[in-house]
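Naming follows writing order (A, B and C), and every chain is counted from residue 1.
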Amino acid sequence: MPQPIVEIRNVNKSFGKNIVLRDVSMEIAPGQTVSIIGPSGSGKTTLLRCINLLETYDKGSIKVDGVEVGYRNSGNGSRKPRGEGELAGIRADIGMVFQLFFLFPHLTARQNVMLGLVKVRGKSKSEAGEIAEHWLDRVGLVDKKESLPAELSGGQQQRVGIARAVAMSPKVLLLDEITSALDPELVGEVLLVVKRLAEEGMTMIVVTHEMTFAREVGDRVVFMDGGLILEDGPSDDVLLRPSHERLQGFLSRLNLADILEHGL
Amino acid sequence: MDYHFNFSYIWRHFDRLWDGLILSLELALISILIGMAIGLVLSLLYTDGGRPIRSLVLAYVELVRNVPLLLLVYLVFYGIPSIGGFEYSATASFVITLSAYAAAHLVEVFRAGLDAVPKGLLDAGKAIGLSPWQRLIHVRLPTMFRVVLPSLSNTYISLFKDTSVASVIAVPELTYGAQWINFNTFRIIEVYAVVAPMYLVTGYAILFALQRLERRFVVRR
Amino acid sequence: MQAAIESLPYLVDGLIMTLVISFLVVSISLVIGVVMGTGLVFGPTWLYWPIRLYSDFIRGIPILVLIFTVYYGLPALGLNLDNFWAAIAALTAFKVGHVIEVFRGAVQSIHHSQTEAAKAIGLTFWQRLAFVILPQAVRRFLPPWINAVADAVKGSALVSLIGVADLMLDIQKVIGRTYEPMPLYILGAIIYFVINYSLSATSRRLETRYSYVRE
């Protein structure tokens, strides 16, 4: 395996008494797409949010491209949270697409994509505008570039969300249940965009409950339950020949209908 | 600073402040009760009435809300008797003013509350055969009051503060009590150092009490 | 009605005074209130509590008591303000409390997710504030703030009680000469109404216009 772009080692996190992540470790190679599946409350979304420190973690380490994201280790082994500016710089290299899109409602689609390019990457307005249009074109929305989020459908908003994240040329892209708020007929257009990105070698971590999506887009599937990683392997192995009892239960319970309908 | 504080005059006349405070609370209470009655009728007229009625209600609300309370107080106390050829006491005139003022503000509150009653609830009332009047009494009003309760508390506190304006027509409420002591003792800073906290403490005490009541009310449903 | 029309010229100076007072109060309180509001919402605890206390304290006292305290009370402590500046100081102190709360409400109405999305593309705190939070908050700040402006105009009538020659005092003066209160009060009500109604109508218009931005 080449030098991993994301290294997660023994990450622990709890909200009060509720332990959400227990000694979670995984490595992701550049260009790899990993899908994380699991029941709600399994810790998958929390893990994702820890990677760009929207959530702090209690113990362990998360490195992106060799850099510890949330903390600096001082000499005596204790760790210090990174300052605002440093953190912003690290986050700029980690793209994130949210379940509920979270577009900036006061900005047009184009301005949504441009904001980070201008303010964080320091690009000129014209250059940022070109990059924004390039990516809006890639997600099939260049004709909607002057629309406000409120004027776009859910699927269109989500595609703008993806464009906003990838335009920053992140080292890794985090996708948090990006289709679960969409009407079924709008899911396809979003998945298509993600599949293309995967094919082009974008490193992605995808939290999803769509098993067909997990299998199609990712080389690798991770199953989490109760804050633990219970299975981690090639998609077909994990989804078609689940060895862990919990995963077998999860798959049959939640997605039998889905699997039957679409075929695996 | 060579000013010597002397609170003894204040304590000697404290009954004027205390009585004033009680009167302020009473004025606010009577006014909000009358204001609620008027406001409720007007808001129902507005919600259920036709266009001309709506415009009339709206005109009343906008007129009262957009004119300073002080002007309304003068207008009712000096203005109306001057053309009506009758007189009333300053206190009575102030209660009329503050009630009319409260009503205008409460129409907005009640209107929003009536709008917040889910339509499905009214349909459910129809479905079990309630008459329009029964739907009003048993469905619309109870639901509405639960929604507007916090606004009613706030309105009461703000009316309580507004009673200070009654001092300009010599209604012996708290601010008037303060002025009386000022004119008779000239211990001005001391008076306000006592009166301001009296407003503050009373206002917040009532607010907290009402909020507790609200909470209990909400839990009990 | 004749009396009211003839008295109009005598009210012009007072009307100007009312507008000047309102303008000063509104603009000074806007600056101070926004700064204090920023401290309240984003500042550390040691900054939060004094501002919270100030706002709750000042909004809990009747404006009239505040005006009397500043005008009659402060000279005893060696701070002599003439009636004009006493009026400005008291009304501004009060209005600052409102601006703080309107600002807080506007900023906090911007959902936390907007901060997260802004963090995710690498914006720093001040960038998030300047480019994501405030541009959205402004739309929610304006309508209630304009209502607060109308409130300030109405509240300014109280300064007549410490002898500031505003519209209210001019009305009283004319009545003192004509002994015909009703036409003058109605005229005064109309003038205040026109000013305040146009403000509250603007507020409502802005509210409808901005409502489309809500997700």
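The definition used in the following text is that a residue touches a chain if its C-beta (ideal position, glycine included) is under 8 Å from a C-beta of that chain, and two chains touch if they have at least 3 such contacts.
Since the structure is predicted, the reported quantities are computational estimates derived from the model, not experimental observations.
Contact counts per chain pair peak at B-C.
Farthest from subunit C, judged by the mean position of CA atoms in each chain, is A.
Computed centre separation for the pair subunit A/subunit C is 46 angstrom, with centres defined by C-alpha atoms. Per-chain Cα centroids separate subunit A from subunit B by 54 Å.
If each chain is reduced to the centroid of its CA atoms, subunit B and subunit C end up 21 Å from each other. Of all residues in subunit C, only 56-57, 60-66, 68-69, 72-74, 76-78, 150, 153-158, 160-161, 168, 171-172, 175, 180-182, 185-186, 188-189, 192-193, 196-197, 200 touch subunit B in the complex they form. Across the complex, subunit B meets subunit C through its residues 1, 3, 62-63, 65-72, 74-75, 78-80, 82-83, 161-165, 167-168, 175, 178-179, 182, 188-189, 191-193, 195-196, 199-200, 203-204.
For subunit A in complex with subunit C, the residues that touch the partner chain are 52, 54, 84-85, 88-96, 98, 100, 102-106, 115-116, 119-120, 148-150, 164-165, 168. Residues of subunit C touching subunit A in their complex: 113-114, 116-125, 127, 131-132, 135-136, 139, 212-215.
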